[in-house]
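The same subunit A turns up in both complexes below, where it pairs with subunit B and then with subunit C.
Coming up: the complex of A and B.
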């Protein structure tokens, strides 16, 4: 039982990183109807930026700085590669983001080099006791930061002018345009927010084990998360991210013991199995809206 | 109708594979030229081209499901892997380190590789019929990861990551095609084999595209509900598209590694899928000639970037230095995909159509 709870907390910690990435995916999807495959590169960029900045400014200042920097990069990407494609099929734009991802990642890799870069986080692998449970501090930090960011984000969408504009544009672009909302600005803002969240996720993905060239694969686990939660549901993204994190953590702890025939490191691919199972039951995810089909 | 090649007076003419005399002439010349290349080119170049032809078969397969039928698949690498391992296992000698059945005849293992992959495709297809667009893209992406895991763990079949196993051994009626022999060097024989197979597969794909099935695919791509309304059974044709596409992928997988003679389970990663997507997009969506052009383009990119350090002193061949050839190559993949999609969505075929259109109407601009 103790082991189980510890595994769940570890899963929630990792899951909150997935949730931040998934939120980025969903925000871009809602605004532009495109899945941005550039998120992994933005996440990696965030982690690397933190690792370079943390030496001079300290971890706590480096995270927001890096997040703003990556948000700027995301704005640039949106302006250069995505805006010219307005009105083209979603698939084409998605493939463009795939191309952008490849390019950005090569550039970022040049800043990583061969070795693991530490992000200079104050937690490392240090542990803390929660009653009978012993868990790593960084899981709790991830969970707390994600909770705070999610609360801020939902408040932003609910109570601010721009949040309202984004919701309107997500609902119906033409009507939003007719009401004087700059849909272009909404696209830009959604990319910037997604970049910001990805960078924070990158910083936290790098806590403890550090950032290396292969860290980007973590961001791909947000894809099953958004599919599980439903592509167009913000709450679903958070729930999906946490579910994916917990499932992965449980497989990590128990699969070797109960199902060794699945092979080593099955935990790494378990999110995709969850995704397939959910899709067989609910093709639009747990919280996604069913598409209305008209000819 | 002499002198008016575009005037079609019958449906047969309209649907012909090559509808103008000019196309027939140039296609024949191109194929003849391709078959003449082994006499001229060095073995090293022939090896690159053979690999490109095998990839082109896979790219045609992806174009059938993604280009013609409009079902986005990022899972092509998985089907290529199924084909590669089926072929390798069938043709390997029994009782070795990895699974083997000793059936080295190419006419046995090549169709078997295709059929195994097609079976995998048909198994995945029910998911595809429930999902559309980007949902499907993400699910097929998951398939690549699951497949990679299975192939890395199934050491009896694949030899395990980093170790790998020997690839399929091509023999035709007892004649070994992968050794120097009376017909020519190993590279020359394999080149002719790949080219002949590519021509066969390409013609078959063109025929499929202009048939009842091809029209059904196009209808589904353009608007699937409308297609269902006019009487196209969606499920059947989507399953068929995945099956045929995977058959091509499986055959490509079986052939792809005969050149190097060695398969490693890490080769079938997301990167391979992205490369196939790049071939289809850079070449031209829903065109067979585009798939071939795209595959040649992507395959030649690698040897071309390898020559860069000699020309551009800034780029280094050393992987530890920063602008190195591998980075340049990867950046080029990404940039080319973006640039083609932004500026010429029809791909290389589109560029050709522009050139052709310019000279057709010359000296007028339209």
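Coming up: the complex of A and C.
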């Protein structure tokens, strides 16, 4: 039981990173109806920015600074590459985001160099005792920061003018425009928020093990998370991210013992298996909106 | 219309270099004596009266997992051949160029094959082909065309290939010697091999298994995917089964994650990682204390600061660089190619066929002390020719590359007795 709970907490910690990334995907999707494949590059940029800033400002100041920096980069990307494509098919814009991802990663890789960069986090692999459980401090930190950011984000959408504008534009862009809401500003804001969240995810992905050029691959695990949770559900993104993290962790801990016939590294594909199962049972995800096609 | 012209122009700018049209890969047609051999001097010749032998390099130069090693390897080989050229070249008639045909494989076998095909008709041989799976992707073509290649990898499969001039012990021997070394130094009763898939990781795991069986140790095999965040299962297996010795065959970041997290979870067994598991940058990682306490590195050669004529020449040829044992490996790997080129020119048949024939006659190579001369045996059968001595290093943050020797070149009883009758990884 102790081992099980420790594996769940490890999964929730890693799942927090996936949840932050998944939130970015969903926020952009709700605003623009486009899945942005630039999230991995923005995540990498965040981790790298923290690794450069932490030496001067310390880790705690470096994270918000890097997040603001990457939010600015995301704003620039939206203005330069995405806004001119408004009105084009969503598929075309999604392909452009793939290109943006490659370009941003090439630039960021130059700031990584060939060695692993450390983000200067205060936790390393240090552990803490929670009653009988022994867990790494960084997983608790990831979980706490994600919970705080999610609470702030939901408050932003619920209680602020801009949040209301974003919800209105997500519901119906034309009506929102008719009511005087700047849909362009909503697009920009959605990219900035997604960039901010991706950067925080990048900083936490680098805790303990550091950031290297291949770290961006982690962000791909947010894709099963958004499918599991539902493409247009913020709560679903959080739940999907955490589910993916926990499932992966449980497979890492127990699959070798209870299902060795699945092969040595089934944990790597387990998030995608969960995604397929959810798609079969609920094609719009656990919390997604069921689309009605009128013919 | 203007936008369309810009788009077409941009597309041409991308496509034409990709096709080699405006990259400067002009065919050096004048005075070609054999593929990759010209009567004309090398582009940056020391003596313009000498001809030029072009050697190709296909390495992990930008974004692959071994770029931190591959770039120093490539730079060291450029410095090595510049030194050879300054000293009179090959047989007094040729200089060697290793800078014109350098390509990036991104550690991807398909890319490796593609860029190899771009340069193969313009080079006599390959001064470097980095990686085991990547080199395997071009092996058939190397054999068909008789192109000699120096690999930047140590899989035991190379012992069985005539066109491959490998230097230093393979991963299989390295792991055998590591287990035998641990029998003296740490007295383990159980061994776990944690390794990447393929003929890098599986080769070492097979060596560990063979040595474990010979020493009567229990053996567990744990294959792990690449990526520091993917090591959860490997760490769980280590902390659950608690082997006395773990033989690691991963990338450096993966190794640091495994050692650091296992130690944090209370594991106190020993780790011995193959050469590529170490990178001096790990001394700045949170895993550094665990690495210092629990980890040792096996290696096919002595580190950067060793006092041999070859090491001294390397350090003199590479002033001001940040020490890295990628330089050491790259420099040492070039000696057999130099010996083979000299024998080829002396024999009078300056061609791929002549070079391969020269390789097959090499029983020893002068590595200027970096490796024992018998490490360069390409004439005998694989079992006789396989070099079986390795080194064990410990982490030392005062050493230039973060490691110092704890056991110099030696061969353990397992490797000494083992008969190489095929690649080890096939026996895992």
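Heads up, the rule we're going with is that the second predicted complex is superposed on the first by the 294 of 295 C-alpha atoms of A that agree within 3 Å, B and C clash if a C-alpha of one lies under 4 Å from a C-alpha of the other, contacts with A are read in each partner's own complex, and residues count from 1 in each chain.
As a working rule, contacts are C-beta pairs under 8 Å (C-beta built on N, C-alpha and C of every residue); 3 or more make two chains touch, one makes a residue touch a chain.
Computed from a prediction, not measured in an experiment: that's the story for all the values here.
Applying the stated contact rule after C-alpha superposition, one finds that A:253 touches subunit C and leaves subunit B untouched.
By the touch criterion stated above, A:30 is placed in contact with neither subunit B nor subunit C. Judged by the touch definition given at the top, the superposed model places A:268 against both subunit B and subunit C.
By the touch criterion stated above, A:109 is placed in contact with subunit B and with subunit C alike. In the superposition on chain A, contact of A:136 is made with subunit C only, not with subunit B. Shared-chain residue A:94: touches subunit B; no touch with subunit C. For subunit A, the partner with contacts to more residues, out of subunit B and subunit C, is B. Shared contact residues of subunit A, touching subunit B in one structure and subunit C in the other: 109, 114, 264-265, 268. Those residues of subunit A that touch subunit C in the complex are listed here as 7, 10, 14, 109, 114-116, 118, 121, 123-127, 134, 136, 205, 208-210, 212-215, 217-218, 248-249, 251-253, 255-256, 264-265, 267-268. Taken together, the subunit B residues at the contact with subunit A in this complex read 72, 127, 130-135, 137-139, 141-143, 145-146, 148-150, 152-153, 223, 225-226, 229, 270, 274, 277, 281, 320, 322-323, 327, 330-331, 333-338, 341-342, 345. Those residues of subunit A whose C-beta lies close enough to touch subunit B in the complex are 29, 34-35, 81, 84-85, 88, 90-92, 94-96, 98-103, 106-107, 109-110, 114, 220, 223-224, 226-227, 231, 262-266, 268-269, 272-273, 275-276, 279-280, 283-284, 291, 293-295. For subunit C in complex with subunit A, the touching residues are 62-63, 65, 67-68, 71, 222-230, 232-233, 236-237, 252-253, 256-257, 260-261, 263-265, 279, 281-282, 284-287, 290.
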